[in-house]
């Protein structure tokens, strides 16, 4: 029973963190129809940035969360025009060209990180590392809880932004009809760049938490790419609210399979669920994707 | 066909590799280029072929040759299994599903006992390089011949191109698009599996990371993109160029993990500036030299 | 291959991972090989029948992939016509290289690869200076079973799904069974997964020992997870991973009390005659040259060169080696039994670990006061093992 | 106010507009009539920047606007209510209208715009919380027009606003257009329903296969023998 | 004459929009039948349902006595229903001949035979001269012709034409009407959606009128133009004045 509860808590906590990656990714897909193969690499870069900032500037990595958000916001904003070029113009299959482009981007980022920072495994320590709270019989690691809380808060803030702000409404409108939004005065290229930038910013921030929780190395991205893909398919491609249940499902699936079956089958279980979803509910668990 | 005797075995090995990649790239091109559905897990078929050969030879004591068709059949079955749910959906779903499939196969190979799990497998060594050179040469020629006959010279190829251009219109013109796409995907898996089997026997040691790693698919995609998507000779041009450059850089050393960066930059640049690949450049030249059409187009444009 | 042109130095091929995923390890072996070649050349070369022959290392990168390792071997042997080969860092690339050296009948020693799989195939031309991980991961378990009291009763083992780590995990299990410690959980998880649930599951068994079969990265994450989960076994056991600087840096003071294993440290008191006299001397020269402390892989790689050097001296072969001399070299290696700064080098000629170094004794280590200390087994101890590990908040 | 000088346009190299010249004065209703596929929609798309002309110039209030992106043109006070409504059907009625007011900076202005359109289309006020996709066709058309009005544009481009509407609704719609014009809005109207359009327009252009073949005061065109035969079905 | 196509109680909605609502009608073999109605009244949706691109929510479709509801579009095409698209959808990177050959493959597997069949269709539709052009380079009128040619290439018994006349200039309209008559003369039943009354009225023997997805009338053209409901919903008051 104790183990069951602990497993439940572990799963939910990780799910909360995955939401952050999923939300940006799903939005990016929903609005611009871009599947970013580099999603895991943004996580990795965020983690590394936190590591180097702590190395050179000291202090706690959590302090740098806003800095990293804005840093990756800026980077995403600057990169977007290239992606835009890849997916527009007279290309044979624009959406797929975007996929290939980000595929190349992922390889580029990963290779760059490997070359610059090598194969060393780094880690950062925060003031929460190693601390934990007791929740009944289960232990809640403080850092994970912080990650979870951050994930949920960031997502709620983000959803509120989408629901109520002017840009938020414009983003949702654009997801439905880009041309019409443009006719109403929305600079759709800039808003797209902004969406992409928010996505990279959020993902970079998630990277800080993930880096603090696990260890940091150049190859760490792959796993989060898997997660992001899994989450958007399960949520329904482009259906942002679906990300929340999907991410929790993924977290729980991981922890329960690891504890009650075997850690070796965790990823397989994930892939199996992904396959089943594509087979029976291709538009996501809630049937709301496109 | 005969092995050029004066060639040192080192160069023979390089030639063998180039040929193999040319064949692999063409296998990807069948689904990714001609059909327009990006398979980001194509390496899985290569790995399935490699493991089938290894398992049958090591655990069942089979001779080499009969293992190849078994690997091909297995790959075809897997392709159908993946293709049936996903080829009904948009291309993005297919890309994600194949990607997941590639990762899943790697997981399976790492978990199973029969594949040696994370230890990998050793095959009985048969280090007759000319044999492999010839075998891979034949396999590559057959792959291109198949591509030529089936994709450039038969009904099937027309259907695939129609699907790539406009799936709905193809469907109403009587093309059973789902079946055709699944056929194309299954077909594209065959050469990949055969090369996998040959590779396993050539290298004698296989491991989930070496025959099922994402790098295999990455390279296929890059080679085809670089050469020219959906053209017969594009994959050959792309594979030769990239594999030779890769080996040359290796030979001259000075290489590190930068190869990932090169590959990434190459993909991005090709997508941005040369979406039709090297063959596209050739094509464009040819178009330039079609004076009559060009003149007509010009006249139309200026309504003369 | 035809006869190589006459020359007065040995051409030594080195295949190792200078790029790709294993580049870090590949560079470790490279430092070991360089240390050997440079030291030999400083002395004017290998002395054979009164004359000195210098050595020239020719590197070929295997890009961390088996296929390239095979091409690299092919190139070194047929293009460069090397006399013998120093092998790769990893087992996978070694397994692809070994058939090539076998085909061309070129002697090959790896200073790093340690998977038992290599030796099972009984390659005639392939040797290794590091004993398989399955042997030496047993050392810390043996120490805990025999040198501390009260003796731990239960163990939970968590291994990573790669050949090296899995063998280590299996070695922990074998040793535990041998020394009468009950295995309450044994689990292999894939590299890179979230280890928290697996650690939770281990914690639920409340074992005395928590043993981790992995490279340093996973070990760091698992120990972090254990701390967060307030999992407090009486001993944490790891093996090679804990000897790396990354491990120490990654965990900080949480590395304290962790047990591990190695086959070599600079503190051992071997007395040798060839090239370096003691581990200490080697460590000093190494540090002077590369600025870092040597670890066992570097030492083993240097020792691989020394093994060749000794065997060549014994058969009095001069460069270039013809096939008869290469075969003689293999025969000499099989008979070799020498003492080096790295310890005894003696290649097994039978059994499961054919041609691996059977001369060495594994050592149990523990972090004590921020330093790696030899704590067993038995007489090899330079300090007493600290057991049990105090709770997290009192370290 | 708006001047097109010899504008030509093409889709994928296929030319559909040939040297179109057209002008609109402040406060006018001008309508463009023509057969299906004549290029009426294309004219509006070229004005609002959705399609870059391959030749010619477009001036709005004495500044050149061809080559500007659509959002920049919208910013200058041109609202385009395109063919086929194109409402955001996942958004509520109110959110659709808020999108219409995207360019307004001032909160008060937005409030006023809301009051204004709710006054014109009271039905939209009743439906303000409803998902726009669930509105009936006529309501959707009203929403599309209301959305166009939200930004308080100087020039309103209406593309077949009566399309798919019940005759009763059409009557009301033309009433609304007239009212808007009386309140000072300049309107460029594209209509299949030529007779109704000519009734409310000041001037009109007849478009045939991408060329302007006739133009003049709406009254005159109504009397024109050719127009009567070809477009008014008399 | 026989009933070639029978549609019964067909329904289709998109979200809140009831695009086709309880629609029933028949198309006689050998006829030219028109389907008209205001924009958005469900004509294209109806064609999409018949050709299998959409699945009906309810109702049935029979073709030559055979139930074809919910069959795959390619099956329906091979059973003998060809269709064109309102917005031309050529295979842009293939030549005109290749475009038409794709359809011809449902009649033959041989490349030579397909190209012979395709050429024949091109000859018939007046596109033979352009057979080696890339479809991307065609003019609007030729694209529409290509739509028809491709639909004919499968050798259909029933041809669904979705606004192939709209967008053509008066001379082109005459040409297109000629072509449609010729198609019927070959024994192919034509079922066409068109707004251009100048073409619909002389061509069609029978006209079905939709409004909001429902059939509001069906009759001969001369009676349709006088039908008050049709005038009210579609043709407009002015049309009455004219006729």
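By written order: A, B, C, D and E. Residues from 1 in each chain.
Everything below uses one rule, namely that a contact is a pair of C-beta atoms (placed from the backbone, for glycine too) under 8 Å apart; a residue touches a chain by one contact, two chains touch by 3 or more.
All figures in this text were calculated on a predicted structure; none of them were measured in a lab.
S.K.: Taking CA centroids for every chain, report which one is farthest away from subunit D.
M.R.: When every chain centre is compared against subunit D, the largest gap points to C.
S.K.: Decide which interface, B-C or A-C, involves more C-beta pairs in contact, and give its chain pair.
M.R.: A-C
S.K.: With centres defined by CA atoms only, which chain is the most remote from subunit E?
M.R.: The most remote chain is C.
S.K.: Counting only Cα atoms for the centres, state how far subunit A is from subunit E in Å.
M.R.: Centre-to-centre distance between subunit A and subunit E: 48 Å.
S.K.: What is the distance in Å between the mean C-alpha positions of subunit B and subunit D?
M.R.: The answer is 52 Å.
S.K.: Distance between subunit A and subunit D based on Cα centroids, please, to the nearest Å.
M.R.: 42
S.K.: Could you grab the centroid distance between subunit A and subunit B? Build each centroid from C-alpha atoms only and quote it in angstrom.
M.R.: Comparing mean C-alpha positions, subunit B is 30 Å from subunit A.
S.K.: Residues touching two or more other chains, restricted to subunit B: which are they?
M.R.: In subunit B, the residues touching two or more other chains are 107, 110-111, 256-259, 297.
S.K.: Residues touching two or more other chains, restricted to subunit E: which are they?
M.R.: 93, 137
S.K.: Pull out every residue in subunit A that's touching 2 or more other chains.
M.R.: Within subunit A, residues 92, 222, 264, 267 contact more than one other chain.
S.K.: Considering the complex alone, what residue numbers of subunit B touch subunit C?
M.R.: 8-10, 13-14, 17, 107, 110-111, 117-120, 122, 125, 127, 199, 202-207, 209-210, 215, 247, 250-251, 253, 255-259
S.K.: Touching residues of subunit A toward subunit B in the complex: what are they?
M.R.: Listed in rising order, the residues of subunit A that touch subunit B are 33, 35, 82, 85-86, 91-93, 95-97, 99-101, 103-112, 114-115, 222, 226, 229-230, 233, 237, 264-265, 267-268, 271-272, 274-275, 278-279, 282.
S.K.: List the residues on subunit D that touch subunit A in their complex, please.
M.R.: 48, 50, 69-72, 74-75, 79-80, 82, 86-91, 95-96, 98-100, 102-103, 147, 151
S.K.: How about subunit B: which of its residues touch subunit A in the complex?
M.R.: Touch list, subunit B to subunit A: 36, 38, 40, 82, 85-86, 88-89, 91-93, 95-97, 99-101, 103-104, 107-108, 110-111, 164, 214, 218, 221, 225, 229, 256-268, 271-272, 275.
S.K.: What does subunit D use to touch subunit E in their complex?
M.R.: 12-14, 16, 35-37, 89, 131, 133-135, 137, 160, 163-164, 166-167, 193, 195, 208-209, 232-234
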